[in-house]
Amino acid sequence: MPVTKLLIANRGEVACRILRTCREMEIPTVAVYSDSDRGAMHVRLAVNSYPIGPTPSRESYMRVDKIVDVAKLSGADAVHPGYGFFAEDPEAARKIIDAGLTWIGPSVEVLEKMGDKVVARGIAQRVGVPVLPAVYEVNDDEALVAKAAELGFPLMVKPVLGRDGKGMRMVRTAGELRRALPRVKGEAIFSFWDERVYLEKALVNPHHVEVQIAADAHGNYVYLWERDGSLQRRFQQVAEEAPSPFVTPELRSKLGEAALAIAKEINYVGIGSVEFLLDDDKNFYFLEMTCRLQGGHAVTEWITGEDLVRWQISIARGEKLPLTQEQIPLWGHAFQCRINAEDPDKDFAPSSGTLNYLRTPAGRNIRNDSGVYYGWEMSPYYAPLISKLSAWGPNRELALARMHAALSEYRIGGVRNNVAFHKALTEHKPVLKGEYCTNVFRHAWWKQRGIGPNLKYAVAAALFEELEMEERRAQQPSTDASVEAWKRHNKINRL
Amino acid sequence: MPVTKLLIANRGEVACRILRTCREMEIPTVAVYSDSDRGAMHVRLAVNSYPIGPTPSRESYMRVDKIVDVAKLSGADAVHPGYGFFAEDPEAARKIIDAGLTWIGPSVEVLEKMGDKVVARGIAQRVGVPVLPAVYEVNDDEALVAKAAELGFPLMVKPVLGRDGKGMRMVRTAGELRRALPRVKGEAIFSFWDERVYLEKALVNPHHVEVQIAADAHGNYVYLWERDGSLQRRFQQVAEEAPSPFVTPELRSKLGEAALAIAKEINYVGIGSVEFLLDDDKNFYFLEMTCRLQGGHAVTEWITGEDLVRWQISIARGEKLPLTQEQIPLWGHAFQCRINAEDPDKDFAPSSGTLNYLRTPAGRNIRNDSGVYYGWEMSPYYAPLISKLSAWGPNRELALARMHAALSEYRIGGVRNNVAFHKALTEHKPVLKGEYCTNVFRHAWWKQRGIGPNLKYAVAAALFEELEMEERRAQQPSTDASVEAWKRHNKINRL
Amino acid sequence: MKRTLTIGDETHELEIYRRRGKLTMVWDGEEIPLDLVKVEPTSYSIIMDAHSVGVNIDRVRTMDPDLHGFRASLYDGAYDFTLQDPHKTLLASAMARAKQAGGGLMKALMPGKVLKLFVHEGETVEEGQPILILEAMKMQNEYTAPMNAKVVKIHVEEGMALEISAPMVSLEPLAAE
Amino acid sequence: MKRTLTIGDETHELEIYRRRGKLTMVWDGEEIPLDLVKVEPTSYSIIMDAHSVGVNIDRVRTMDPDLHGFRASLYDGAYDFTLQDPHKTLLASAMARAKQAGGGLMKALMPGKVLKLFVHEGETVEEGQPILILEAMKMQNEYTAPMNAKVVKIHVEEGMALEISAPMVSLEPLAAE
């Protein structure tokens, strides 16, 4: 399938990241933008840019029909969905393909199968990959509560057509389950137009590990090692690393082979991630498959030296994988932090506003994938991602030290952000030791206790701003005639 | 020797680069600054900062006595000279060491020996490494002209105590030599307080290749492959890459072994580069040794994954080298461009002024080492370096494509710069093919011919600025009283 | 210039002044030489006690316009605090006291010069209506009526210099309707 | 608004206007819709003909204050050019012609209103000395004496509206000493 001009049906950091590969491959790019994204970085970096509607993504970035129109208008012959939006929606993929465009992603059939988490479990079981005990035959609340007792608590309630952690909840008692069911179903309908849920046995201290796989149209399959995605909050990853400090070389091959068995069973073509939960004894269980480029792919790119978007494009073109399994490098260690405009001290509430200062880290083996710039207005309509900061080192210790140093350089003005939170993360003992699981954020250990040691410096700068303001004020003449002017400029004391 | 607090006796990009390693190693840093560098990036990034005098570097950065004073004052127990300034000056090293400080660099004896290029040639010859025929016994002009005839033209006239390409000239006839001698001697006295020169046979289409070596105090020696430094103009490198596209694996080991033989002969401890000239038949000749961190070290760091400043510090501490020769990786390919404030269309004349815009490239495997920031004033007193931009790829083709894409993203306002020149370089056939030698810039093939295809875009933005200015002007009242104000603001047509 | 710093439960009395181009910060009475330059639009490089620290300042809106809110970002995290002109604090609390006491005599709360008089004797004024402007400490201090009242007597005229506590205007409170 | 573009040996006649918030650029007579936003202090995002191009503008000083110098940086390199108000070009060349002809009658070079008259009849003026200001096209156009001369006759008064070529001031050149 041709990819001679690529439409990127996304925005922000991932759109910029895809754009950069296209620049290297000399493929012209087409960006799309909603009303509030006219000045966005992805629009500025693209060769062509087209408006696709109002700010809410359901009226712009999610509108496959508009994307197809822009593709026709611009002469693009391929569409990359990025991640999020309609990246894993089989209907969207079908519409793109039916319009005669190359879809950069797995087939409609694969998206349909893996989109249904119950079907996906069945596929894993069919090829002998373990799954956690589950209940999915019934959807009636009371029947589910009754079955839950057989399964045993704690357990997870999940939408059957769920993805990206949306709607998932953990419950510890029948009462919690009863209260959770209507909520999960409600969210499932809102997000996925389907109210079916299922129950799955929850592990106590699980490790979340995902294996990156790639497959071409010629029956070649490889895995590009795993990422550890256990550093998550509410089933959303806040940081990731590769390789996983919990995975031994033997386990690595087992996980890789299990991932490929599933991919082969469904004739997967493209890149994707097979996700597993691991218990403390290193038993692993298939969780689901993410059928797109992942938000954590940078760490895989660091340790392999490969460009996964280039792989996606070359697979879509019908080319063979560039490397065999034996040729895939495992080079050092990489860590990634998701830098968000949010307040870690207030339950990570998103923060919007203008980025009135931005100093991004630089230097050796630092990568900052971003879709923002100095002066950009963070919109409350989209994910509050400022950048994905990743660091590589020849070993885990050096990768972490480099990330820690990079975070010290990162300075963001105008919005609350989680840079200090990530810095605390890279100082957190379990993280330094590589001994953490998905419950790492259960207690808010990162909250600043007391006032930092540099208070005098912090205050000196503010005090200086006050002085400058007073000095400017003092330079103005204080005649009778100026009273009105003072009033106008609010430089008057009202007593 | 202890390195518990490190004074960085340098400025700009290299000071920031050293600082970043110290941050990772949790070594507190001491920066020094001249009068015009109070707000410089290295001052902002350091833990402690001290003024050391007026802007001209001979009155500040070159003043070893002031550096020693600051070390005492700040409690620093080690000094890193960076490159340039007094990095290779044995007298400076002696003063630092005599003050009881750890000198991050090779010994005074090594600096003395290798600083005298004639002595260095002798050392190479002693261990069987070929050198080019030369004349160094005499310093009288006419005697040199007479000897030159025996040697044959073209040949190089070089200061005996020269370094960094300073003063060197190529001559093709006896007349050129006669005219060159007083100039080279003059520059030699000015820069190195020594008027001795020597003549060395010049190769016709030479390749400049330097081998990175490292040695600890325990007698361990390794080489970290070579860099190709042939992309040079007036003996100054403008770009470099590693490994060299001209060097075969067999030649690589030969060069490495030759470099180590020289290092062992002088009991070298530290990191350094042994420089060779290669002719078209891949015969190599020892040129000189650079006894410090090199400006091109980033490409070596990319292909080995190692941090050479960390190596320097650990060697100075008396630790053993972290890797044996067999463990040194050779991973992919890296390319570096030196981004300067200069005008490539006007013989690379330096440009000074305020950096009123700065967008640096980002993304996968891009490294931008810089000491400037948006709003920084480029001083005519220092090297006009804006940044060293390097890119890595799993192979040479991808590294170059990545560099090319990165250069397209790089945008600098306020000063003339060589970004477009470097972009042309990464499109230049001999560079793409890896078939170039040091004469690559003999013809100015990079000069823009005619007007680019995006003239309308370029002009539209300027036209819009004019429109906005007119609109602001139109809003002002045009009463008689305002005439004077208009005059003041130069908004009057003088006919 | 003086400011009261409030951060968390702490307050500190600060002062900053510039003499012959050199800045000094006074922190609860302790003088600290301050080497500070603005390096980027909201970013400062500070060298204090030889320590070099970069500080990025965000202004944070507060409910009280006299309370200046700041968020300073440093390498070790962010600091949220407010700075307030202690004179204003003083004046505001004095005014609040005067108002609560319901007294009819407006006095100068600090030494200054009467810049503008807005009322004349016999006039009735509403609560919050401007009475006069007293220039003091390089600030224009607008005195407003603390209640609905009648202006009984004016003790000053424009341009007059006043000592602290000098009587300015006598008011007779009007009964609420 | 019109401008004359000069780049290398090329010149183009340009115009830009804003109607109902939409920008149009006219390039040698061809109308081109222009979608342009300022994204950073000196940086613009332009979408023209669906092509998205980022342009960074540096102003470059020129000898002639009416000649606005620019350096525009794009992904494909930098463009150096000047923009000039064609009216000014016209006026300047007309003035130059008038000066060369040595004619003693100053005429209005475009329709406008006399804003200010600096001389009176019988006065002697030096070359370059301001004679009057004529407001035209939203600009204050200052007419200066093209040579050392005596003001023989003034044909206008302040506030008077003039047609193009209306006589303004008659000068009698003084012989060079």
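Labels for the chains are A, B, C and D, by order of writing; each one numbers its residues from 1.
Keep this in mind: a contact is a pair of C-beta atoms (placed from the backbone, for glycine too) under 8 Å apart; a residue touches a chain by one contact, two chains touch by 3 or more.
Quick caveat: nothing in here was measured; it's all calculated off a predicted structure.
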{"item": "Separation of chain C from chain A in steps, with touching chains one step apart", "value": "1"}
{"item": "Far-end chain from chain B, centres as C-alpha averages", "value": "C"}
{"item": "Separation of mean Cα positions, chain C and chain B [Å, integer]", "value": "55"}
{"item": "Interchain centroid distance [CA atoms averaged], chain C/chain D, Å", "value": "50"}
{"item": "Whole-Å separation of chain centres (CA-atom averages), chain B against chain D", "value": "47"}
{"item": "Where chain B touches two or more other chains at once, by residue number", "value": "45, 359, 373-374, 408-409"}
{"item": "Chain C, residues touching no fewer than two other chains", "value": "40-41, 51, 54"}
{"item": "Touching residues (chain side chain A, partner chain B) in the complex", "value": "16-17, 20, 23-26, 45, 298, 301, 305-307, 329, 331-332, 359-360, 362-370, 373-374, 392, 394, 398, 401-402, 404-405, 408-409"}
{"item": "Residue ranges of chain A touching chain C (in the complex, touch as defined)", "value": "356-357, 359, 408-409, 411-414, 420, 423, 448, 450-467, 470, 473-474, 478, 480, 483, 486, 490-495"}
{"item": "List of chain C residues in touch with chain A within their complex", "value": "1, 3, 5, 7-8, 10, 12, 14, 16-18, 23, 25, 27, 32, 34, 36, 40-44, 46, 48, 51, 53-58, 65, 68, 70, 72-79, 81, 83, 88, 91-92, 95, 109, 115-116, 133, 135, 138-144, 158"}
{"item": "In the complex with chain B, residue positions of chain C that touch it", "value": "35, 37, 39-41, 45, 47, 50-52, 54"}
{"item": "Residue ranges of chain A in contact with chain D within the complex", "value": "31, 38-39, 43-50, 73-74, 373-375"}
